[in-house]
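Read through the structure below, which is laid out as structure tokens, and then see the notes.
We call the chains A, B and C, going by the order they appear; numbering starts again at 1 in every chain.
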């Protein structure tokens, strides 16, 4: 297991001095094996971002607060290992690309991480080139990040983390502010990373349809706890769970469930091509 | 993008290739000279020198013109103030009311006015030909602590972003009926409060996210950092620094003795 | 309440002298319209929306409210008729309590204190924010901040309401609740223009859809018709929701827009379900 979270409880420091700490994580358990692509879904403000921050040590080292339980990533204890030491092993890409980009050119942005690690100039050049190529931004190397579109900025933020060559990549809602084209591009990058580098990926997302197409596993977080962690098919087709969590499965899943309730079958479609094939096969039988 | 945020004009000229440290040191020498000089011919010559430097480095006339537009009103103001407030030597050219303008005074006033222009251009020679990041790298190499340099670089880089945020927030609040055009100075300042507070809160939130991003990218992992584009000090830089220093010292000595 | 008729004629706007952000847009929003404005980022959606309440003024063309040119009317005046919720709630939040935040708009419009209080209470109720009425909006979670800014504009009770991507970052339940509220407001006579990327919401809730691409309206009509225009959608890099695509594969005509609609169509049609 490259990432293990054991009974993690965390409360942010009180908003007003003297007040009560704000509990967010209430006993999270999570395990990721090397090369897995796990998606995390849940209602808003349930603790998904907090969990992401706990996976590279920002919670609790930078945020303070009260923590209980253990988090180990790539062999490091995130409560004790300095964040800068874990950064080359676990990359974290936040939601809003605008507030994560601060350099004057795209290549400097990607070089920032390797520069912090005091790598040789040749190594830095190589990593920057690889990272930009992986996310498809090689021709923008000398441009200002301000000139990029939303999707391009998000890919740049990913490239900036990739340049550290982490074993684990955590993406907190990377497609939140993107249009459909931008969303597709980000998922394609993630898919490429899995295939080429066997990178372990945890992605927080609201996009059930993309998750159904790409993820190995889907974890559902409700009220500070992971309540289900299983293959996407099992989770998305569990109507009671999805309803309880306030989430919507892919539309084809909803269609399957309605059809199931009429004729008692047990269809478990989660992708459009599955539904299509089923309909065409039926049409083929009928003719 | 507005000129103000993007002072650097990319190029490959001799001026661009110089290390920002040597350019900064040379600019400082020039400034010292300009601040101490009283002679019109010297100030005018240095001003002319900055123009020659900028043109030979391929800096667009538009940019040079922009600096002139910026500096000229203040230059004129200084010259006129000097004429009115001081009485120089030499024969009187013009006398009316309580003001006397002499030939010496006129020359001094011109010198004072041109000095401002020369000072401005000296620094713009530096800013137009040096990348923002290279400047900060240069300062760090000269002794500025890295964190301070990073803070400076981020602050400069945030200027356009903050300007955009200001514009958007201003629009958002106006869409809620906020009137920014009515009333006197005090009333208008009060009207800006919802905009200022929203900007502040927004900036703090962004700052926190940026801090997380910096930490996640191993800031502080090693005591020394390397660079994708390290500064390169060449013999031309040594030449420039030595010549500037020698000329300044030489001139100072000459002035003291003569 | 009858909302005014808002229309746009031959609207051209340029941020940059070389590239028009809006390249000749004609649009009519009759009272009670409920439209979704879809298209890629950079297609001109927000630019168009900002012309409707005077935040941007056309380089050429006109914006008309009840037939009268808006060019002379200030943003403040237009704010009485057109409410605009910005994409990022943090670009609007500034008050010390949620209640004060909701009072800002009505106060600017010149309402009396008891009117302001009444509108505030009403908005708090509609958006289920009663429990947070005295909390500082800035420290609330994203979803709640989002609702506060929408409530703040709804409290202004403008006949027209423009919302720029109000459901981004909201989970399905919250997004559906918001859309139900918008449908309620539309039922009461408000004209609503919704900029969004969420095709499911568009098909589930909005009767009319406007498709933008490179500063022009590629399509404008009932949602079912627009979703059937595959080439236009492909050009605009926008894909209809899964159930619509499924229906199109099965050659259902007209294509059902929702899951329920699809299943019903299946029951009615021959062959049944596979």
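Just so we're on the same page, a residue touches a chain if its C-beta (ideal position, glycine included) is under 8 Å from a C-beta of that chain, and two chains touch if they have at least 3 such contacts.
Given the structure is predicted, the values throughout are model-derived calculations rather than measurements.
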| item | value |
| --- | --- |
| Chain pair with more C-beta contacts, A-B versus B-C | A-B |
| Farthest-lying chain, centroid of Cα atoms versus that of chain A | B |
| Length of the line joining the C-alpha centres of chain A and chain C, rounded to whole Å | 29 |
| Intercentroid distance (Cα basis), chain B paired with chain A, Å | 44 |
| Contacts with 2+ other chains: residues of chain B | 205 |
| Contacting residues of chain C [partner chain A, same complex] | 40-42, 139, 141-144, 168-174, 197, 199-200, 237-239, 241-243, 245-246, 249-250, 259-260, 262-263, 266-267, 271, 273-274 |
| For the chain C and chain B complex, residues of the former touching the latter | 50, 53, 55, 74-76, 79-80, 83-84, 86, 88, 90-95, 104-105, 108-109, 138, 152-153, 156 |
| Parts of chain B lying in touch with chain C, wherever the complex brings them together | 165, 168-169, 171-179, 181, 193-195, 197-198, 201-202, 205 |
| Contact footprint of chain C on chain A as seen in their complex | 15, 42-45, 149-151, 173, 176-182, 206, 209, 246-248, 250-252, 254-255, 258-259, 262-263, 265, 272, 275-276, 278-283, 286 |
| Chain B to chain A touching residues, read off their complex | 1, 131-133, 153-154, 157-158, 160-161, 205-206, 209-222, 224-230 |
